[in-house]
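Here come two complexes built around chain A, the first alongside chain B, the second alongside chain C.
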Partner chain A sequence: MSNFKIVFSGPVGAGKTTAIASISDFAPVSTNENASDMTRERKPQTTVALDYGVMKLDGREKIHLYGTPGQERFNFMWDILTSGGLGLVLLLDNTRKDPLKDMTFFIDSFRDYISQTALAVGITQTDIASVPRLDIYNKKLREMKISAAVFEVDARKQADVSLLVQSLLFTIDPGLEY
Partner chain B sequence: MRDEMLSSILSELNGTSADIEASAIISIDGLMIAAMLPQGMDEDRVGAMSAAMLSLGDRTSDELGSGELEQVLIKGDTGFVLMIHAGKDAVVTVLAKPKAKLGLIFLDVKRAAENIEQIL
Partner chain C sequence: MIFSKKSKVQQNSRTAVSFIGFDRRSEKAFEIFFRTYCKDQYYHTKNHTSSSITIVDMDCYKVEEEIYELHNSHPGRQLIALSLNQKRLDIDNCILVKKPINHTEFAKLLSSINAGKKVSKHAAMEPEKNWTRKPQETKYKPLHRETKPAASKSPTNTANAAHLMGETNENLFVGSNPDIDLQKPREFLKIIYSPDKMFQGALQRGWEKALNQQKLVELIFLSHTVFLDGKNHTASTALNDSVLRPMCLMESEDQVIIRLVDCIPSTEQRNKTEKRIYNYPIDAFIWKVSLWSSRGRILQNTDINKPVFLSEWPNLTRLQPIPHALRIAALLTQNPRPLGDISTELNIPQRYVFGFYSAANALGISGVSKRTADALFEPKTQQAPENRSILKRLLGRLAGQSSETQESSLPHTITHQ
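So, the complex of A and B:
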């Protein structure tokens, strides 16, 4: 049995907690608490420490899934949670004011980690806001000299999140079987 | 008015024991509501760390069968950090000296937390 750890990050409301719940093989650990900040306008609760779930692949590989809080005041958790991780799933909410700026901010914040591991980007809520489109994100990533797969995902859909995670795992280890 | 009452609870708390060095009231999502912290200590960090620790304490206590969380206690070689719920939407965080008499501090902080809960 081998163990992998990957980390989900991105702004508040992007769907990190939902995504981990969608693909975890057991009830995830979450630390959702009532929001009193700006988050409250979007959703009632917010992650203050971490989300945790596990996804098993073909009965031998275990993927440990850790989600971070989205607000910058929790960035000490970003450091803690990335330790020992093999990749980052960055979720971006297409309905936010400037999701490209969100992407740049999170890539800059996780730059050291990404440079040693791998990155996959998932754009959520594209059913509500169809722009910016994927080619815009890809262009920005090329400008930033970052290589990463970008998908539209609905964090509520197991198949969507699973595909995103698998594309990340494939970048980490092309030999993995699903 | 509310802010003044909260501040006065904190200054009273800091006054009850010479071992209490600082205290703060924080929303459960990590934002400072009232604080009496040493100069230079970053309120945002204290707030976010308190919220993260308390939330993990809640989950751990529950999942490992220790029941409802009463407090989180952190011991470092130069002091203690104590965190207690003040109702379900706030946390009281207290910094105490390394030789502090914890039993007394627990009682004082618990009483302060009950008063804070009334006001919030």
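So, the complex of A and C:
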């Protein structure tokens, strides 16, 4: 039996838990607790244990969906979490003060992992904050010499999250067929 | 991870590790690390007495007291202290590891400790930040193209893609043109169109004006109006798809009036039949109009043998879906390629590639590559990854999910007046 992993990352409140929930076969295992630091202003409760979901495939294989902690002080664990993963889904909250800086931070933190796997970027909350627009994110990615799909995403919508993950799979292998 | 009695025998051959200063999330991460990366050689115990190694988060507030307490009660205990700063502890058997942790190095460290090897007290393992992307395995071969005959392309493949994407009437967007023989220039006439002479061309010119001047532009064609908002990047019209689509197929020449306006007229000022206003993000509107106009064809004067580029992925969660769009985008963002080669490489009918290219070109994210090297070399077909069968099955699951709900999330809002 083979097990594969997709990692969801991004800042606090970007929708990682929700995104995993929208495509997981069961409600994700996650432990939300009252935030005790600066994150409280953005999200009264924040994930302090792993978000974990599963997609069961026909046969015995499973795709594990892991969400990293949003709080930056936990970033020392990311290398452990990502080992053996298929790729990274990065979710960015467009209402944050500087979402481009967030993107740079997360891509730099996962740079080695991304170079070996693939990246897809989902921008959330664009209905509340329409700027930065997607072309700005794409421009920044080109400056960073990163190739990735950048989509507007509503983490609650299964179709959005599904398309984002599909873009990740096609980035790994454009020859895949439905 | 707390183990039951039945696994006690198994535990005896493994090394128990306890933690100080970590929250449950971090402990869980280590448990996964032990189980997967270290092949179950270690396990997490909450009991410091029974553990052989204790890992400490030195960045945890007032953790030192707990460490010294542990050291006093278990003086021989091997400690591994993780820290962002080079905090030192005056304790034997304590190895300092600088965060962030590199999992390969950390596994080696644990293995060395387990094997009783001597380890440096300062195992700083911050990974070298090599920001350059690893060279892709794609190699280049001299240009020599052959076009697969159209008959070899699987119609099932496209039918599956269309069905899974929820696109039930794909002919409206990509037409029904059969593949042409790219070696016969005479056949090119079948696959070209002139957006400049159509509503699409007027739309693009109008949008350019609105964007450059950051103002509202009104397009008037056949007494119908479309408003383009350069500030908010939106298009508004009372036209529904059943009127707009035929408009896109007509030659408009100079019949479209493009003019700057101050505001969208109020309900009273507008035609009484215009009860509803459809508001689109401008990209979604241009994409849709371009697909309707091109119907699987390419712009006149496009050199079919020259590589085309895609500078970025279209925002496909908010655009009209067409089969194979994700595959084409993924391939084309890797390297510029001639349009005919994309169809051959992906084993799909040419009209999907042509339609995608025309719409992406209208958005300004695709065009003919001007780099000489792109025309001289073609990228070698990428080797299929070892886990392709898993990826394919996962794709099938995901595509099934997206087709169930995508129609409802298509990009426009309706304002009732």
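The rule is simple: the second predicted complex is superposed on the first by the 162 of 178 C-alpha atoms of A that agree within 3 Å, B and C clash if a C-alpha of one lies under 4 Å from a C-alpha of the other, contacts with A are read in each partner's own complex, and residues count from 1 in each chain.
The criterion applied here is as follows: contacts are C-beta pairs under 8 Å (C-beta built on N, C-alpha and C of every residue); 3 or more make two chains touch, one makes a residue touch a chain.
What you are looking at is a predicted structure, and each value in this text was computed from that prediction instead of being measured.
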Look at where chain B and chain C land on chain A after superposing the complexes, then choose clash or fit.
-> clash
Could you say whether A:20 touches chain B, chain C, both of them, or neither, answering first, second, both or neither?
-> neither
After superposition on the shared chain, which partner residues are touched by A:89: those of chain B (first), chain C (second), both, or neither?
-> neither
Is A:103 touching the first partner chain B, the second partner chain C, both, or neither of them?
-> neither
Look at the residues of chain A and decide whether chain B or chain C touches more of them.
-> C
Chain B and chain C contact sites that coincide on chain A, given as residue numbers = 31, 48-50, 69, 73-74, 76-77
Going by the contact rule at the top, pick out the chain A residues touching chain C in the complex.
-> 2, 4, 23, 31, 47-50, 55, 57-59, 61, 63, 69, 73-81, 83-84, 86, 108-109, 111-112, 115-116, 130, 133-135, 138, 141-142, 145-154, 157-160, 162-167, 169-178
Note: in the complex, chain B contacts chain A through residues 27-31, 44-45, 47-49, 51-53, 55-56, 58-59, 63, 88-89
Counting only contacts in the complex, chain A reaches chain B at residues 29, 31, 33-37, 39, 46, 48-50, 69, 71, 73-74, 76-77
What residues of chain C sit close enough to touch chain A in their complex?
-> 23-26, 28-30, 32-33, 36-37, 59, 82, 84, 99-103, 106, 127, 129-134, 157, 160-161, 164, 232-233, 311-313, 315-318, 326-327, 329-331, 333-334, 345-347, 381-382, 384-385, 387-388, 390-399, 401-402, 404-406, 409
